[in-house]
Every structure is written in structure tokens, then in C-alpha cells.
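What follows is a structure written as C-alpha cells; I'll ask about it next.
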Amino acid sequence: MHEPIAGPVRVLFLDVDGTLTDGLIAFDREGDARNFWVRDGLALEWARDLDVLPVVISGRKSEAVVARMKDLRLEHYLGIQDKVGVAEQVLAREQVRFDQCVMVGDDLPDVPLMRRVGWPIAVADAQPEAKAFARTVTHATAGHGAVREVVEMVLRHNGTWERILERYQAR
Amino acid sequence: MHEPIAGPVRVLFLDVDGTLTDGLIAFDREGDARNFWVRDGLALEWARDLDVLPVVISGRKSEAVVARMKDLRLEHYLGIQDKVGVAEQVLAREQVRFDQCVMVGDDLPDVPLMRRVGWPIAVADAQPEAKAFARTVTHATAGHGAVREVVEMVLRHNGTWERILERYQAR
Amino acid sequence: MHEPIAGPVRVLFLDVDGTLTDGLIAFDREGDARNFWVRDGLALEWARDLDVLPVVISGRKSEAVVARMKDLRLEHYLGIQDKVGVAEQVLAREQVRFDQCVMVGDDLPDVPLMRRVGWPIAVADAQPEAKAFARTVTHATAGHGAVREVVEMVLRHNGTWERILERYQAR
Amino acid sequence: MHEPIAGPVRVLFLDVDGTLTDGLIAFDREGDARNFWVRDGLALEWARDLDVLPVVISGRKSEAVVARMKDLRLEHYLGIQDKVGVAEQVLAREQVRFDQCVMVGDDLPDVPLMRRVGWPIAVADAQPEAKAFARTVTHATAGHGAVREVVEMVLRHNGTWERILERYQAR
């Protein structure tokens, strides 16, 4: 694979439903719940430790998502219609350009931001309309390792993945 | 595929368990929960925006289903033994004929209404008895995209799917 | 398939975890939850309507299971170490012999009762030790239709399945 | 398979997320939930009955996990960064050496302890980095029988599996 972008990835934008979750929304009488993947969360902590800022942007609002975001201490924006507008504000604050960013998504509402970043990624079970705008499609499906796979790709691209292996005596 | 019905689809009838959900009913000590698919819900909002009225009819009652129905602001009838009778009332109010309708189902209680509408659809994992009365069987299973697939089929049939792609800059 | 038992099936014994559920037990901070299959429950109502008594016997206790049992109004015995003993009491009351019964299970604790009944059935994803004592193994897995399949087999054996198809105008 | 370790297994160390669970963490507005496999829990009770001590060590804290641990009355340590350190304390108390132990894991945080024990095992859906340090990889995936499979392997190795079959009249 040729290098997807020139320099290191600085910001990792992520959709929630169908990207960080398996796409299911469970409802009981009191509200909703979502399924997240434990290894995705661990990987996002590694990304932050190694200077890749994860930023979560979702079109829906959900207290369940807020609970997971707090659990992982992730910067998050929920109930967002204009994902590109939110991303522009983050990039202005971080002094980062769109071509230094990854966006991971699964469906049509992710396409406008996927078209702006340097490295758009679709999860394995994304809608074909989202895959059509991705440079990379993960092997793992959403909620079952897609984001873990993205983080490893990004850290390898940035040249910092070995530090994770060293941390766990796995070299 | 020859055109399933002559004019545009006006009403989209939907079963809940095993059609809008994955067929599981989770029980805890306080009651039940159901799994819905995020992209099904988004698609039903598109359908309503483009003049296809989704109407949900279920044989069971469940507060969990009510919560999802309110989340999506869907017209719904729960605990219904006579699905055809409910559908007739909806069609009288909407001035729509059965041959302008889709019904999506998965099991025997859906068969009487499937036999009445112009375009009966069974989900991929429907019981064979329901598939036998369907004109179309989806590729996706229930709770994992079957209803999204139905909505796209209906909007393509109605000639309005391109407007969804335009909305998300995906053409 | 030769007829598994001579006369009609009178009692249908069922295990819970891994037979009526998909084998998962979800825990949150307050207790447990289980996943049931909507079409299994509907089929158990048909069985009762057509003179096959479903009786649920589980080795574990769970308020979540109680909630589902009440939802379906099923006779149930939970926290049972001696499943055969419970079954004997049911059969004495019902004036039914073991050779007029089905037992559906998935694991070693089900084996003693499977060895007693006339028609022992294992779900598709049962442990090999349980399958070894089954006369029939379902095609569907537990929590995804195994019990629905059993009910249809039993009603066909009893000669009453056609009445279900007639009820739903599916002949 | 050559014998993985010389004498009987005395302690069975287990990770939680992705090993005893299916790797999903469900969040609702109030907290998290985890999916466990009923047959894994039953097998851990057999292990304890037959002198193999299960000890659970997790890097995360969760009330949901505590609830399952109490349900099975398992010795557990949650929120642990140094799994090897905890294991050393257990072994000193039990007068057991690392080469008499199994460790079952799925991801990088399990590697340091996997490298210490006599018989490191990875679940079928472990990360490749964890599989690289395992002597055995299970056929079953986590949360769907991996730990049941490990317990059976361990009891067969110890020569006590037949006692389980006898208990359930399954010989």
C-alpha cells in the first residue's frame, strides 16, 4: 500500500453508530444502549498517548454514548448534523490540516467529512456508498475490531506502533 | 426485476420482532429490551421525508418498542391480532389502496397482510412460510439492514433515491 | 426419519440457558439478562393450544428468566439440581409416561432427563456430550429458532401443524 | 499434542474482557454490561470442585463483572495494571509455581502473564500478538465456549474429566 498521507496522522475522527458500535441500538423501557468493543477502547487510549487525537462526531444524541465517551475520556460531539463544520473547529484549535486527518465511518452521513480528510476509512460492513469514498476498508467489522485495526494502521504509519508492543513485552 | 407495483409506493407497513429487530427479546428482572439497527431507523426517516409513510404493526406489546417508535416518531400499533384490520383503517384515512403498499414481515402472523398488499417483502431470515408469500426477499437479515434495504428499493422504485445521495454529497 | 415415538407427544420439557436462550448471560451492576427468540415463544403458545404442554426446567435461578416465563405463561422450575425428579412429578400429575415426552437440551446437566424421555433433542450448538444422547439435533441454534423448529417437528408428528397454517391463512 | 506441562494444573488465571466475555461492552445511561457464556461458568465450578483454582485478573473495573464474579463465587482482581504481580501473590499463598499454571487471554495486556505461566492459552479470536505467545489456541471464541474448552482440556490433562461425565450419567 502506498502511503495514504504524507506526514503523521494528527487527528482521528470517528463516527459512533456502526463504526465504534456494532450498529445495533438496544432499547428498553427507559432508553437506549450500545455495544462497544473493548479492544477498540484500549487502542484509542494508545492513540492519545502517542499524539493522535481521537475526536468522536455522531449525528445522534445518546446518554449511552456519553457514558462510553466518559469511560474513555474521549472528545465527543453528539447530535451533529454538520460533521464537517465541527471538524473545522477542531482543526483550527489544533492547528492541523484536513490532509493530516483520518475519518472512519460507515454510512452516508459520514461521506461529507470522509471527502475532506487525507485518509478516509470505511469499516468492513459499511454501506457501499461510504466505501466508495474510502481509501482504506478495514478487515474487521464495526464493534468487532474495526477501530482497533485503524489505530494500529495509523500508529504504524506514524512509526510509533513498536512502542505499544514494547509496553506489553510483546516484541 | 419487473416492477413489483405500477405506481409509487405510498405506505410501508412493517412488523417489529424479527423484522425491525434481530428477533431476540432480551429480558432482565424488570422487563424486555429489543435490538434495532441504526441504519434502518435513518432510512425510515428518509422514507417519510420522501412521501412514503412507514406504519408499524406488531402482534406484541412492549415498552421497549414504544421507546424506539418515539425515538423515530413512527406511527405504530402494538398488541394487534388483526393486522389487516389496522391497515385498512390507515389506508382509508390516507386514501391509499392496498396495491400501493409494501408489507415487510418474517413470520406467519404477517402472512394475511402480506397477501393483501401490492408488494409483500420477507426479510432474509424469515420463516419459509412467510417467504412463500413474498414477492421480494431481502439480502440483509432482520436487525442488520433488511429495512434499510427495503427503503432503498422503495425509493428507487419511486424515483427519489437520488435525492438522498445528493443530500449527503454522495453522487 | 422413522417416527421417534409411537403416539402423540404430550409434554415438551425444555432447558433454559443455551436452549431457550442463546447461551449468553448478560450482567450489569444490578443483575442478569437473557436473550430469547421471539418465534420460539410464539411456537410454545401454539404447542399449548394444541395439547402439548411445555414445561421449563433450569439448573439456575434468574429473575430475568422468571420475567420471560410469565410473559409466555409457561410452567417453569428454576434452580433445579434433579431435573428427572421434577419431570416425574409433572408426569404423575398429567398422567403421562416418559415415552410420550420430548426433552430439549444443550449440555451435561440435561443428559439424565434426555436419557429418560422418548424423544431427546439437542440444539444445533449443543455440547457433543449432549448430542450423543439425542435422537434429533436441530438445524437452528439455541436462541435463534431451535425451539421453534422443535415445536414444528412435534406438531407435525402429532398431526396438528396444518391447523397453525390455517390460522394464519398460510396454506 | 505433547503434554503442555509436567504435573497437574493447579491455578487457572483468566482475563475478563474478550476472554470470559465476547469482547463487547454494552453501555446504557447508567453504566456498562458484559456478556458471559453459561457453559463457561458451569465449567469453572467443575474446575474448582476438582482442585483447579480459577483466578480472574482484569485490567478494567466494572460492577457488571463484579456481579458475575459473585454469581460464580470466583476469586477476582479488577483494575489491575500489573497482572504478573497479582499472580505472584496468589501463587505465594497457594504454594504453587508458575509452571503449574494456565493463563487464558486475548490481547496485549495479557502477554506478560502468558509469558510466565507453564501453559499460556489464547482464545480463538485473540489478537495475533497474544496468539504468538500461546502454546494452545482454543477452537471456540471468547464468550462462546473458549473457557469451557480450556477447562475440559485442563481437567483431561489432570485426569479428572471423567468424574464430570460420571456426575451427569454421560459415560
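First chain written, first letter: the chains are A, B, C and D, and each begins at residue 1.
Rule of thumb we're sticking to: a residue touches a chain if its C-beta (ideal position, glycine included) is under 8 Å from a C-beta of that chain, and two chains touch if they have at least 3 such contacts.
Keep in mind it's a predicted model, so treat the numbers as computed, not measured.
Under half of the residue numbers at the chain C-chain D interface are used by both copies of the sequence. One copy, chain A, sits rotated relative to the other, chain D; on C-alpha atoms the angle is 90 degrees to the nearest 5.
The geometric centre of chain C is 31 Å away from that of chain D, both derived from CA atoms. Rounded to whole angstrom, the centroid-to-centroid distance between chain A and chain C, based on C-alpha atoms, equals 44 Å.
Counting partner chains per residue, chain A shows two or more touched chains at residues 26, 28, 30-33. Chain-to-chain contact here is organised cyclically: the chains close a single ring, every chain touching exactly two others. Residue ranges on chain C touching chain D, taken from their complex, read 17-18, 21, 23-33, 60, 106-109, 111-112, 115, 127, 129, 132-133. Chain D meets chain C in the complex at residues 22, 26, 28, 30-39, 41-42, 63-68, 71, 143-144, 164-165, 167-170.
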